[in-house]
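Presented sequentially are two complexes of chain A, the first with chain B as partner and the second with chain C.
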Partner chain A sequence: MNATIAMITFRAMLGRRRAVLLFALPLLLAVLAALMRVLDASDLDTAAAVLHGFGFAVLLPLLALIAGTGVIGPEIDDGQIMYVLTKPIPRHTVVLTKLAVAIALVTVFAVVPILLTGLLMAGGTAQLAPAFAAGALAGGITYTAVFVALAVISRNAAVIGLLYVLVWESLLGNFAPGARSASIQQWALSVTDALTPTSYVHASVDLPVAAPLLVAVAAAGAVLAVVRLRSLSVVAAE
Partner chain B sequence: MSEVRLEGVSRWYGDVVAVNGVSMTIGPGVTGLLGPNGAGKSTLIHMMGGFLQPSSGTVTLDGEPIWHNPQVYRRLGLVPERESSYDFLTGRQFIVAMAKLHGLPDPDAAARRAIGLVEMDYAAGRTIGQYSKGMKQRIKMASALVHDPAVLLLDEPFNGMDPRQRLQLMDLIRAMADEGRTILFSSHILEEVERLAGHIEVVIAGRHAASGDFREIRRLMTDRPHLFLVRSSDDRALAASLVADGTARSVRLTPQGLEVEAVDFARFTLLLPRLARDAAVRLWEVSPSDESLESVFSYLVAR
Partner chain C sequence: MTTSTIHDIGYRRYEGRRLGRAYVLRSLFVHNLRAAFGLGRPARSKVMPFLLGLIVLVPALADVGAVSITHRPELLIHYSAYPIQVQVIVAIFLAAQAPVLASRDLRHHTVPLYFSRPVGHLDYVLAKVAAMVTALFALMAVPVTVLYAGGLIAKVPHRADHLGHYLGALVGCALFAVVLAAIGTVVAAFTPRRGFGVAAVIAVYLLPTVFVRLVQAIAEERTDFTLEAWMGLFAPFNLVDIVQVRLLGAPQTATGIPPGVTGGLVALAVCAALAGGSVAVLYARFRKAGLS
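And then the complex of A and B:
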């Protein structure tokens, strides 16, 4: 970890126009939860549906995509990464710092809002709020590691990530059960499922399978990002 | 005293060869890397800076490989050609951050020194996004100097600078070379290289075309017929003096002015004002008409 890289990355992330998205998405979730509360529709069933359907399926992957690709992608595109890479700093320190910043952002803008929404809608019932928050944190870390690696590998990381989230996880996940078991969202949900006794949450993958997969994919993403950054070639301007 | 050495270095992108079998040694002092746009100068600098793996051959700094070796950056500073830096930071914040990334014991003092060297103290509190092109160039320069490196690589450092900033940067580069540093800068402008570099490496179409003392290269480049367009208050009188003097091989009277083919570039540019004065002719315009770098280089390649 490197404090200077973290400082620059935080300032770059929160100073950009896309920072609005960081605030807008959790706000949407909060408004949704408040609305349910006002309409008196916040039973355990709806709470689980909102947290899963919006929190896990939309907010978490999108936030991880914005944060994961944003911490390093634009810097590589603009060539600013040269200022970091021309320093006697091991490349794994660069990647792990970027990853930590992205995870911190996902925690603040996705995990905490999911926790607060859960508390607002379900209170302390069935440990629903902390269970969803824990699942969000676990899934968020894995999503972020994958998207950071994508951003180092490809200039189209945001598009590829979006396709994965929208097409693979959401669309195919609804129709093909096979695709559902190979999805970070489902692995995250199995963490939640294991932590709450309610039957409103049902994951298609068991925790003993999901947990190692979450860890392995996150580690693979981080390692891949380091390896690719070590050999990052800056395309000559001419 | 540090030395960057390239041995049989080639770099290709797919079927396109950007750099072809280049061997050169860059030692202390100022070396100019001269070549037309697209000759492979940036590719060479990127390989020397550890940002591009040579497809074949080796690039070393004092015997150590540069590729996959971040430790070389303790002794190497790089000023990239691309303009973008962290626009949201102030100049001072940027340089302090660079000093911290280098792990310097006193980052603030190092940043002050580097900013002072490029004379950016007056604007160090402003964000980089508000800087002019020349100011950005200088703050980039400060970022490469902050750790006092033995080797400095500059990719087209004078691009976008006004004449005063250009002179000032030249002085700075000279002063640093006098301290025993190894400095390489690329340029496609003959005049810049000529004024600054003690040693010149010429790259044309990815190949190492010439290497040596600047006088040598300058002679190669300037000892050829030069074509000038001269407009004056009395073209005929001037033409007569030029022919009489022998500095011109031929003089053509055209409606646009005189087309003069000079034998010797240096002698002609030195003598023309004197001749004009003696003949009581006022010069309106003197412009080299075949000074495009391409023609200079094609002349050099043809030799």
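And then the complex of A and C:
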């Protein structure tokens, strides 16, 4: 970890108008929760549907994508990463620092809002809120590691990430059960499933399978990012 | 103390024929349309638009194949439903390519270079939006045309009806393209940082869509069909489907469709407001860009 790199990355992510986007996403989740309250539809079923359908399927991957690709992608693109790489700082420190910043952002802008929304909608019933928050944290870390690795590998990281999240996890997941089992969203959901007794949350993968997969994929993402950053060739921005 | 003088070294005005506004518009339009598909750029810029164009074709080809093998014409996807069924791919295309058109000039501070030539601010913006609309229209119209042509080859009955539905669906595709391009280019013009534009555009499409769907599901559960129908105005694809169903006579695909011609006219008005508002906002944005 390197405090200076962390500070620069935070400033790049939250500076100027960029923070607006990060604030707007969880705000909509809160509006949705408040609307359910007004409509008097805050039962456990709806709470689970909203937290899964909006929190897990949209908010978490989208924020992880913004944070994961945003901490390193633009710097590689415009060549500024050279100013960091030419300093005597090990590459794994650079990657791990940026990863930590991205995870912190995901925690603040996705995990905490999911926890608060859960508390607002379901209260303390069935430990729904903490269970979803724990799942979101586990999934968020893995998503972020994957997207950081993607951002180091490819310039189209954001689009590839979207294809994975929207086409593989959401679209194919509805048709092919196999695709559903091989998705970070389902692994995160299995963490939630294991922590809450309600039957409204159902993951297609069991926790003993999902937990090692979450850890393994996150570690693989981080390692891949370090390896690729070691031999990064900077080409001129398009 | 030195005195400076300006020497007349024979500067001359250009007094020949000028190519005019139409030429400017056409050049900018063609340039932007090529940029939307990565043409005239390195291969890595072409990968994504063409990959997405291929993915969007796959369901149509598979469907045409299924119809011609099984000889069951009812399997043919409704032309007007196709863009809605592949909406995620269309949205990703928009998210990937809208920043290419709308943010690149801002990011590299090249906007003043355009306006130091006889290019009007409005022409510049109109060319960009029109190019994005054309690219999106092509993306959706090609698979719809494949469906229609496949249907003809497989000899589906009621040919005259099919032609009508097909032409209606093409109008629908154009409307989808206008609404999406209006939203996408505005969002991209305000997020010049690379990667952020993609995420911002997809967020602006995805969040309202999922939000509306969740509220609609709950409204349906409580048999509040009025709320369910009118919520449809807030999700881009549902909005255009309202126009398709109410004004173009297409079968319903999206969830919330307000009743009567009124519903259709309101939806059409929202589409028009989106398009007009988008051009106005972009005009204001690019007029100031690069001058600070």
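Heads up, the rule we're going with is that the second predicted complex is superposed on the first by the 232 of 238 C-alpha atoms of A that agree within 3 Å, B and C clash if a C-alpha of one lies under 4 Å from a C-alpha of the other, contacts with A are read in each partner's own complex, and residues count from 1 in each chain.
Quick note on the criterion: a contact is a pair of C-beta atoms (placed from the backbone, for glycine too) under 8 Å apart; a residue touches a chain by one contact, two chains touch by 3 or more.
All figures in this text were calculated on a predicted structure; none of them were measured in a lab.
Student: Could you check whether chain B and chain C clash or fit when both are placed on chain A?
Tutor: fit
Student: Examine A:62 and indicate which partner it touches, taking first as chain B and second as chain C; both and neither are also allowed.
Tutor: After superposing on A, A:62 lies in contact with chain C but is clear of chain B.
Student: Of the two partners chain B and chain C, indicate the one touching more residues belonging to chain A.
Tutor: Counted on chain A, the partner with more touching residues turns out to be C.
Student: Between chain B and chain C, whom does A:88 touch in the aligned arrangement: first, second, both, or neither?
Tutor: first
Student: After lining up the shared chain so the two structures overlap, which partner does A:2 touch, if you call chain B first and chain C second: first, second, both or neither?
Tutor: A:2 contacts chain B only, not chain C.
Student: Quick check on the superposed pair: does A:231 touch chain B, chain C, both, or neither? Answer first, second, both or neither.
Tutor: It touches chain B, and chain C stays clear.
Student: Quick check for you: in the superposed arrangement, does A:158 touch first (chain B), second (chain C), both or neither?
Tutor: After superposing on A, A:158 lies in contact with chain C but is clear of chain B.
Student: With the two structures laid over each other on chain A, which partner does A:79 touch: chain B (first), chain C (second), both, or neither?
Tutor: Touch partner of A:79: chain B, not chain C.
Student: Regarding the shared-chain residue A:167, is it in contact with chain B (first), chain C (second), both, or neither?
Tutor: second
Student: Kindly classify A:35 by the partners it touches after superposition: chain B alone (first), chain C alone (second), both, or neither?
Tutor: second
Student: Of all C-alpha distances between chain B and chain C after superposition, which is the least, in Å?
Tutor: Shortest inter-chain C-alpha distance (chain B to chain C): 9 Å.
Student: Please report the chain A residues shared by its interface with chain B and its interface with chain C.
Tutor: 78, 238
Student: Can you list the chain A residues touching chain B in their complex?
Tutor: 2-5, 7-8, 11-12, 15, 78-80, 82-91, 230-234, 236-238
Student: Given the complex with chain A, which residues does chain B contribute to the contact?
Tutor: Counting only chain B, the residues touching chain A are 18, 37-38, 40-43, 46, 49-53, 68, 70-71, 73-74, 76-78, 80-82, 84-86, 88-89, 97-98, 100-103, 143-144.
Student: Provide the residue numbers of chain A that touch chain C in the complex, in ascending order.
Tutor: 17-18, 21, 24-25, 28, 32, 35-36, 39, 41, 46, 49-50, 53-54, 57-58, 62, 65-66, 69-70, 73-74, 77-78, 151, 155-159, 162-163, 166-167, 170-171, 238
Student: Please output the residues of chain C touching chain A within their complex, sorted ascending.
Tutor: For this pair, the touching residues of chain C are 41-42, 44-45, 47-48, 55, 88-89, 91-92, 95-96, 190-191, 193-196, 198-200, 202-203, 206-207, 210-211, 213-215, 217-218, 221-222.
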